[in-house]
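In this document, chain identifiers A, B and C correspond to the written order of the chains, with residue numbering beginning at 1 in each.
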């Protein structure tokens, strides 16, 4: 989830470069040392950086890497001691991580500039919809009757906002988002491309061998500061609401069934599936491809490793793994012994022979 | 899959409310008792209902919950005995479940009114396509040459119907559906948003270490009354057809590979993947995240629990779980014992010590 | 992945038929024998073919099936001996597989004719984008500023190409493709419908219990001859690039996290998920629903069976299965013994009884 910083040349693909002076204007150093003429075209770790890159010392334990670093410019903490080699600029700041974030946000704004307020002429916005004057509705979007779009919200090309849906302020919906009828997004919600909010929940009554659809009359609601990854599907409730709590972040291709209620500040990694009516607490972490059964409760702060199958309630704070889920320490031991199960059968057979016991498993 | 009925206020998000009289006009009670002035703005279970809600007694075993129910209106079976408290209306009907369904269908039609017949002016419909006069083609849809759209079918905004595709009568395709060239949908087929029918099957010949694409010339066909969940992908066959049988229902993000043939009235839960050329019988139930190998047969009525890996044929009527799949009773026993496998190794070691046998696993 | 050739009538759904003469004009036989008047409307295996079908003898070991084959026309190797029955045409060619491929490519071009060069009038192409005169931009596509579209590339209806993205020559992007800002596609890249390239990577810094988004400034790059299945999501890197190597093929609904680097000529089957910063070698094969942890290395030519959970590095050339992954031979043995684990507990209990040892697992 939290990748190490990869190799150089991260700005080149955008045809961006910065002068050292431009970077210093952004990060406001307390002092500088050395000089470089090189334009900065990449951000990299101390180890992988080369000429034309900016590197940074975020963690004091990597101090010794500075001497070997080939970057043209290094962000350093104010108390770092030493002298830069020829052609390298040292830029001292209170907190190199904060300075790096400033720089990244600046680059992000160049990579993805905020589109201007207004509705693109190719968008189809129903006269009965309410769109804030500061919102942006991109090309070929559809906004149906009764929908409302909050201030400073950006809806990228080809998105669909169904009748009566309510999108809060300062949201950013990527291209080809779908927000179904009457669904609700809070403030600062981000949807990556292709997210589908408010498909019908999966519910049928089986009558005489045929599955009759149960109307799905509820909605899906995403609270403030939720982010949803590309291609996720979040179904509307049968009645009432499917809820994604404040600050919770979903990775790509996650499936959230109807009537699920997820708490605040959870991390739900890619390809997780959560079955209907399950209640997930706050600060829960579910690893990639985890499956969660329906109608159960996951306690606050519980964690499940990748591919876990959660088939019953989890107590707050537990860490589990495996299908069915067991405590992760036990699961790791089982995992290590797994390949030796054939050996165990042989050893038990030898014991039975030694004692003259029959091996017939049915006895 | 079949969620309990969740908390109150299920109609409020649509800004809907009903007078008790309007509800009685819909459900045609055999008798009534008590009075309420409250407009009805929610549907809820007996336990969770409050003032302004309608509740219902569908299962006689919950009779005792009626006395404690705070709903403003309760749907009751004709033979229910007692007196409503002040401010509560009792509405007696032959079958409260049927009455609830009538009410839900009415709400559904308000939530999701049928759009009027006709082609939205922003849609791009090829002159060589055939669109029934009673069909609705939403904004920014594309319908290619030779495609045909049946009577009373609704195609929501931004959908794509490829050349020669045939969509039957009374279908409902959600926003951003894709139906590829020459694919066929029967009658009353429903696609949730973002479904992709007829992507190429995954087939390559590996020649000299490079994978050469095998043309995928077949189609995908969905028979009558099929419903497909949001974000599913159903590939076209190499030759002939990938088939989803009559009345089968797929949940979200399911993957169906080329040449798969699924029978009638199956339930395929979210994130299942079925590999190429596998044949699935009728009335099969596959739990969430099940994976099915290619070129195998699943017998009628077989069931697989969540995350099962089905690697070989399943007999009709079996219930399996685990990877590789074993009968579910055995799998549940294994699941319970799993965490004790390290203990078993220790116990075998002690037995070997007691008998003076070597523990070396390689012997 | 490589389906057997399924039943007959594979061309009928396209309302295609060929005269035997038309087929012979395509495959240029070295000799012919027998006659048929039947138009050819299907392609089928020797066993399943009937009148109106073409069949073929690709593998000499099926020679004996020719005598029983009811096809109207059979493609045979030049050295095949015998006489056709009445009403059957034998068409001798150097290599029946090559002849079949010629025929299939011909049918493919009819199924999916190349659209003419040019930009559909309903597409929204920024004046700052560069579109080759020989490229096709379908209806209701969006191409943002600074994007470039190479020669002979086809972009089907409703696709989105973000600012500064670069699409090479001879690519084919299916309907509703999304290529995010600055992402790069090489030559002859194919996207099935609904693919999402360049969603933000999943990265947050957790500060005081809240997850703060880490800007994702990199791109995703697909090298030459890559094909991506329907509904896949490939995230952009934090810095630098997420890379899919030359000739690698992804099946449907695969998730590739940020900073993943996949080598050349890999096969990644449906619903696989690969976590951030993992490096996958060349010629790797990952079965359906495999999950791969972050920050690990998969060696060249490694293979993982369906649903495997790869939690640590894999050596080149290994074959693994299970979660956690172990060598496939061991995993298959464990799989066979799995259902007998309850039996093993009983047998150990009997041994303990026989020796008078206590069974208490905690001792």
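We take it that contacts are C-beta pairs under 8 Å (C-beta built on N, C-alpha and C of every residue); 3 or more make two chains touch, one makes a residue touch a chain.
Because the structure is a prediction, the values reported are computed rather than measured.
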To bring the C-alpha trace of subunit A onto its twin subunit B, one rotates it, in degrees rounded to the nearest 5, by 120
Taking shared numbers over all numbers used, above half giving same and below half different, the subunit A and subunit C interface sides are different
Separation of the C-alpha centres, subunit A versus subunit C, in whole Å, is 26
Two or more other chains are touched by the subunit B residues 140, 158, 176, 194, 231, 253, 271, 289, 307, 322, 338, 341, 344, 348, 351, 355
Subunit B residues touching subunit C in their complex are 124, 140, 142, 144, 158, 160, 162, 164, 176, 178, 180-182, 184, 194, 196, 198-205, 209-211, 213-215, 217-219, 231, 233, 235, 237-241, 253, 255, 257-259, 271, 273, 275-277, 289, 291, 293-295, 307, 309, 311, 322-324, 326-327, 330-331, 333-334, 337-338, 340-341, 343-344, 347-348, 350-351, 354-355
Subunit C contacts subunit B in the complex at 1-11, 13-15, 42-44, 101, 104-105, 107-108, 111-112, 120, 122, 138-140, 156-158, 174-176, 190, 192-194, 225, 227, 229-231, 247, 249, 251-253, 265, 267, 269-271, 283, 288-289, 306-307, 322, 335, 338-339, 341-342, 344-345, 348, 351-352, 355, 357, 359, 361
